[in-house]
Structure formats: structure tokens, C-alpha cells
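First, the structure itself, so that you have it in front of you.
Which chain is which? They are A, B and C, in the order written, and residues in each are numbered from 1.
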Amino acid sequence: MIKENVVTLQHFVSVEELTNEEVLALLARGEEFKAGAKFEGLEKQTFACNLFFENSTRTHNSFHIAECKLGLDVMEFDVSTSAVSKGETLYDTILTLGALGVEVCVIRHNQEHYYEELIKSPNIDCAIVNGGDGSGQHPSQCALDLMTIQEEFGTFEGLKVAIVGDLFHSRVARSNMQMLKRLGAELYFAAPEVWYPSEEFDQYGTYLPIDEIVDKVDVMMMLRVQHERHDGTVFLSKEDYHRKYGLTVERAKRMKPTAIIMHPAPVNRDAELADELVESEQSRIVTQMTNGVYVRMAILEAVLRGRNCLK
Amino acid sequence: MIKENVVTLQHFVSVEELTNEEVLALLARGEEFKAGAKFEGLEKQTFACNLFFENSTRTHNSFHIAECKLGLDVMEFDVSTSAVSKGETLYDTILTLGALGVEVCVIRHNQEHYYEELIKSPNIDCAIVNGGDGSGQHPSQCALDLMTIQEEFGTFEGLKVAIVGDLFHSRVARSNMQMLKRLGAELYFAAPEVWYPSEEFDQYGTYLPIDEIVDKVDVMMMLRVQHERHDGTVFLSKEDYHRKYGLTVERAKRMKPTAIIMHPAPVNRDAELADELVESEQSRIVTQMTNGVYVRMAILEAVLRGRNCLK
Amino acid sequence: MIKENVVTLQHFVSVEELTNEEVLALLARGEEFKAGAKFEGLEKQTFACNLFFENSTRTHNSFHIAECKLGLDVMEFDVSTSAVSKGETLYDTILTLGALGVEVCVIRHNQEHYYEELIKSPNIDCAIVNGGDGSGQHPSQCALDLMTIQEEFGTFEGLKVAIVGDLFHSRVARSNMQMLKRLGAELYFAAPEVWYPSEEFDQYGTYLPIDEIVDKVDVMMMLRVQHERHDGTVFLSKEDYHRKYGLTVERAKRMKPTAIIMHPAPVNRDAELADELVESEQSRIVTQMTNGVYVRMAILEAVLRGRNCLK
């Protein structure tokens, strides 16, 4: 066990690079922050910079709030008015921010594994926190999802979790299935066949129609239909998608009474999920957002410790 | 009378929902802030978020400054890089911000009455401050206009106020005519006929040509020609508009020596107003901007009190 | 000499308006900040606003950090969502910000000498700091370049400095050649003939092919090929530009062992400069960025003193 939930990280880019102990300690630290634990404080004035090359509301704003709560000076990097518009690369941008004295860069980028070049370079002088890389990983979303599940059930061991929807394009699915399996959960996948990459996913769980899953699992984790990552060909109408693959009101009635509904949001209401389920009793979608702030505080604290920025 | 100008509001969305006492107490509190009054302080770290779906310089920046002066942590919501670009609704956006812990959202939106759905929902956990809704209301602009008039004349009772220009599209006109009438002022309207919705406005004041008004009133409140709300058909050139409906240098000479010129800005110089009048002795346009910061501090304080955020 | 590096400025818009003593005192103050000197502090809560009408990463973010380090409340003016999009002029925008209580505006604008109208007006109530005006001046870049050279060589007297590349469009070149000459350096220019405005530049230095310069000088100051200021006609491929006018690895080998490489960045790698030289031992490009923060603190401190904002 990690003592007093003190995790030290150089970067936070993918769940694969974290031990189970580190993940659990981050969740525990997130709960401490949620319960009102005081942050020990920064050694001196410290700058964080958020660089979102893809649209975001939740991840972006919750990192912003988490940074403010840790007393960081927050810089919002506006991609469209930066030298990126003159053709400057991500590498040269981060090299610059490090040279200016920024300690942590939170980055969302459409290129998978964008962070590898950055964390390998001896000249990049700041910590990288991955806010999502293309269809790759979304490790801070994974952390908040785990925190929400753990709050509910106390454990992951033997828990039955369904991940439902656009598995192919989902970085949330990739991060979550790896961590949930490692932590002892049993996974089920439901998805249109074209969105189910069996070679990649079969090793993690069982692929079944949603109707054979919905009454068995403890967690219905619905994924967003990511229109922005598709090539424009819509193979199903919203209504058809909802009827065939979505969590309808009828299906929700078959859920175990103790089971919960999750979604990384933004929700396409009445597509992945019936409109009335979003804010329903069994939904933890709002709780997920709230937890995101606290677990991101824990993540940032860990990389700030890695940078020797803490008191 | 409201004791010591202590106003408590759940939201601040429209002048119709405020009593005269509340409005006057907000103005008085604005004057206190302008005179250097200390703000009592926030109970704990508190977040405000500004969401401007329509362009703004004055309202946006003056809310930002007012928020900083109250010690709030200010978040600027960038619509173009948020999940709104993925189709997320305003409702789900504000639901999210509330879940993240934001206490106050200042919103400008092109949809009239956008706020009704928000303030009715039991799940939206933050105060809404209206920074302008389409051609509906602009209540914080109204408050700063009233503050500027009261500073000048000490009272509204019997004051003669002309509102001149694009009345049809003006949320400023709508908010101001209601409040000014309620506070005892006498209203005059001058406008091109196509921009004068007589059914709505006749009950509030008298419609007359500008030349029959300019020498009688205490306040010449000029409205902006809102090209961005028109359908592209310009019925008059700038020069013709100025000559027929604008405050020309010649007309300004006929004003009472004690009368003042107001404009919500941005001014189309030499359209609504002769260029040299904008920063002239009788103009209060710059004062209006300055007052905006202080009265918005009073407004924010009132909703923060409603959220139990004050010490 | 200026006592204890205490410079007082009303505005900071062009190197021509600064004495040598003022420039040297700003550099010395920058070094003090870099060495950890404490800033004496602001009299009261003070607002700075950054208005970048042209893209920027380094200048923008380093002013932002410098402002935060001085304890200023920083506002980022988003041009695209401001009333500028409704046609409001720069003059009226700055008039507004001054009326709202902003003390310092840092402005980058594509119009040369944009600042003249602002600093002449009696109604503009804030200090102007020029972050670059079209192809005119870039005085804060000049200051950080001088700081970097002085750190290296201790003096400017007799120093041989080459400025190489797109001299015609470069505000960096214009600011630097004036100041370097005034401070006693000897200048050399290398550039494609179409980018060498001999009438303007001949009085400041000697125009020679890069191969006749590279082994003689102490500083190789490479300029960015500013595609964004060209009219679309590319007269040379990147490879040809590099071979004829760039600092190739071969040319770099002929440099004096004590000579340094500078570039305002963003670098077009393998155009102005070979990729492997950017982060090489002789390069001071990263140091330039770091120094930018500290010298901008000195500049801002000087104008804040001019506004009576300091303790």
C-alpha cells in the first residue's frame, strides 16, 4: 500500500503506466479532497497551462477548477490565436511553455500518443497530464469513473460492469476496460458490430446484446456516440440507435435496483440514454462530474510532487 | 426600505422580477462600492463562470472585473471550444458547471428567456445572472443606466427621459423603459417607424420626432443601431440615419444645459451620435462603463448572498 | 545612470522613445527578477489586459506570466468574441477598458504605429505596452534579446551581431538594429535581396552573404520567415532557402566557438535554422524565452510606476 495516499508522478499520461496501488491511492486522495481535506500548499507561485486542441466542457473546466483549488496560477492556451496557427508544433509549444516556467501542462489532442515525444525529451521542462489523446486514452476520466464506482460499491472485485456503445472510437472505453479488469471487475460489452473491435476488446470481456446484459450488471456505462470522430456516414438514425443499442426506459426497468447508470457526457439525450434517465435516481452522471474535480486535484498533486512544487 | 442595502437574490434575470426597493438598494450598494466600500468577503473559495454566446466587450469585461473585485475565481467559458460545439445544450452545460461547483453563471445568449428553463430546474445548482437575452432584457445594463441617471439628478420622479433609435431590437430599451416608468420618470421615444413597435411601447411613453424631444428632456438615451440583429437590408445610409434620427451637433446644441447624453455602446460614431459628442462634456457614456463595474458588484453580491457564499 | 534600476514609463511602445540608460536599467532589473528579487508590490488590486489581434504564443504567454508574477489581475481580451466583431475600433475598446479600471493594456496589432492615437488621447486612461505592431516594432522582444546578449558577453560595445533573414517584414529586426547600434554593436545583415530594404538598413550595418559573416560574428540572430506576412508568392522552396540563406549545420561549424545562435521563434525548423541547432549548445533560443518573462516584469513594473500603482 502507498502510505497516506502520497503518490508521486512525473507525468500522468496513460493508465498503463500506473500501478494498481497508485490508482487506488489517487482515488482515496480524491475522496479526501471531496471530504474537505486541506491541500498542503505550493512551495511558491506555480503555473499550470491547459491546452485543449479538441472541444471540451467537463474535462477542461474541471481541470481548471482543480488547478485553482490547489492554488495554481492557471493559463488557458488558446490554440486558435497561438503560434500553432503559424504552424508551430506541439513539441515546440510545450518546449516554450516549459522555458517560460510552466510546471504542468494539461493537454487534449487528437493525435494518439502525442505525449510520448514530450515525455521522452530531455529539454521539455514540465509535467504532462493527458486530458485525452484521440481515440487513445482518457486516464483522468477513468480515474473519476473508478472513484464513482468505488464510492457506490466499495470494491471492484467481482463487480459486473457493462460498457455500451461506440467502443471503437472511445478513449474512455480503452482506459476503463484496462483498469477495471486489473482491479478485478468482470466486463461486458454491447455495441453495434461495426463499433466493436473484437481483436482488441475480446481479451477484456464478453460481447453480448444489450438485452442480455442489462439485468445482470452493477454498472451500465454508456458511451457517447461521437459524431465528431465518424466519417459522416450515419448508419442508423438516432431513434434506431436508441431502440437497438441505447438504454431505453424499458431496459432501465430491468436493471438491478442497486445498479447505477454512468456516462462520460456530453450525453446525446434519447440516443445513448433516454432523456428522463439522465438525471434519474440510478444515474451517477452528475456525481461523475463532481468527482472529476476532486480526483483531478489528486492527479495534479501527484505530478506537482514529482516536480518538487509542494511544501 | 431595504436595510443597509442588503439585497438577497436567487437569480438576476429580468427587471420585472425585482421590486423598486431592490433596484434602489442595488444602486445604492453600487455607489457604496464606487466610494470604496469594502466587500465583506466570501465564506470560501468561490467560482463564477462567464458564458457569452454573443459578442461583448463592456458587459463581459465589466462582469469579469466585478467578479475579481469580489474575490471570486473567474472562469471564462469559451463557447467555440466547448462541448456546445458537439451539440451540448445550454441546460446540460449549466448542469455541468453546477456539478463542478460553480456558484454563479453570467450568461449572454441570443435566445430570449433562455434563463427560464434554468431557474425552474431543481437540478441546476447555481445562480443565473442574465448578461442579455436576444432582444429581450439586459437588466445589468439597466441597473448601470439607472445608477448613472440617479448620480446626476438624485431622483427619477418627474425626470424626462428620451430613448432614441432602434427600439425594436433593443433589450436595453425594454429593460429601461419598464424600470424608468416604475420609478416615476416620463418617457419619450424617437425612432424610425419600422423600429417602433407601438403596441409594446405606447403604454410606456410618447412617440415623437427627435426634434420635438431634444430640447425638453433631461436624458437623451441613444440606442445602438444593431446591424448584427438586422436582416441585411439597410433602409438608410449612415449619413441619412444620422441626419434624420441621430443626435447631431446641431440637435445637441438645443439640449437643456443640464441634460446628459447616454449610450450603451459600442457607439457607431456619426450614426446614432456625432463623433465629437461621444466624449463631450454632456456625455455620460464613459461614466456608464465605470458605473457598470460597481453595480455589477452589487448584483453579484446579492446572488452570492442568495447562495450563502458570503461571510 | 539610473539609480537602483528604477525606471518610470508612461507607456512602452517603441525603443526609439527610450534612452540607453532606461534600456540598460530595464535589463538590469530583468536580471534582478531572474535572480529572485522580490517585487515591492502593488498599492491595491490592479488589472492588466492582454489584447492580441495577431497570433502569439511566446509574447502573449510570457506577458501573462510576468503579469501574474507582479500580482496583477490578468484579463485576456478575446478579440473574436468582443465588440470588435461588431466593428468597434481599437480606440473605443481601449477607452472602454480604461473606464472599467484597467491600468495596463498589452497590445499586439497588425497596424503599424497603432499606439500613437492611443497615447496622445487625453481620455485613454491606461498605459499601453506594445507587444508588436505589424512590421513596425517589437520592443519587448528587443529587450529580451539584449538581455540574452548581455548575459553572454557582458557588453554590447564592439560586439559583432548578424541579423539574418526576412529583414523586410521583421519588427524584431527594426527594434534590434536601432538599439544594438546605439549601444555600440557592429551590425551585419544577410538576406535575400528582395527582403533587404537597403535604404532603411544600410545606415545601420553591412549587407553581406551569410557565408562571409558566419565565422566573424559573436551573435547569429536568425529571423523567422513570416509566411503570414507574405503575399502568397513563395520565391524559394524551404530546402533552397535553408541552403542559400539559412544556418545549416555546415555553416554553424564555421561559427566562433564563443558565438551564440538566437531566434525570436517560432522557428521554421530546417528553414532558417537546421533542426538539430535549435536546442544545441550554442543556441540561446530557450534562454531567450525564459528571459522574456523577467524583462517583461521589468517593463510592466516601469509602467505601473508611471501609473502610481506601486507600493
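FYI, a contact is a pair of C-beta atoms (placed from the backbone, for glycine too) under 8 Å apart; a residue touches a chain by one contact, two chains touch by 3 or more.
Bear in mind that the values here come from a model prediction, so they are computed numbers and not experimental data.
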Graph class of chain-chain contacts, one of line, ring, star, complete, other: complete
Residue-number overlap at the subunit A/subunit B interface, same or different (half cut): different
Mean-CA-position distance for subunit B and subunit A (Å): 40
Multi-chain contact sites of subunit A, meaning residues that touch two or more partners: 76, 78, 80
Sites on subunit A touched by subunit C in the complex: 45, 47, 49, 73, 75-78, 80-88, 92-93, 95-97, 99-102, 123
Subunit C residues within the subunit A interface of the complex: 52, 55-58, 60-62, 64-65, 68-69, 76, 78-80, 227-228, 265-269, 279, 286-287, 289-290, 292-293
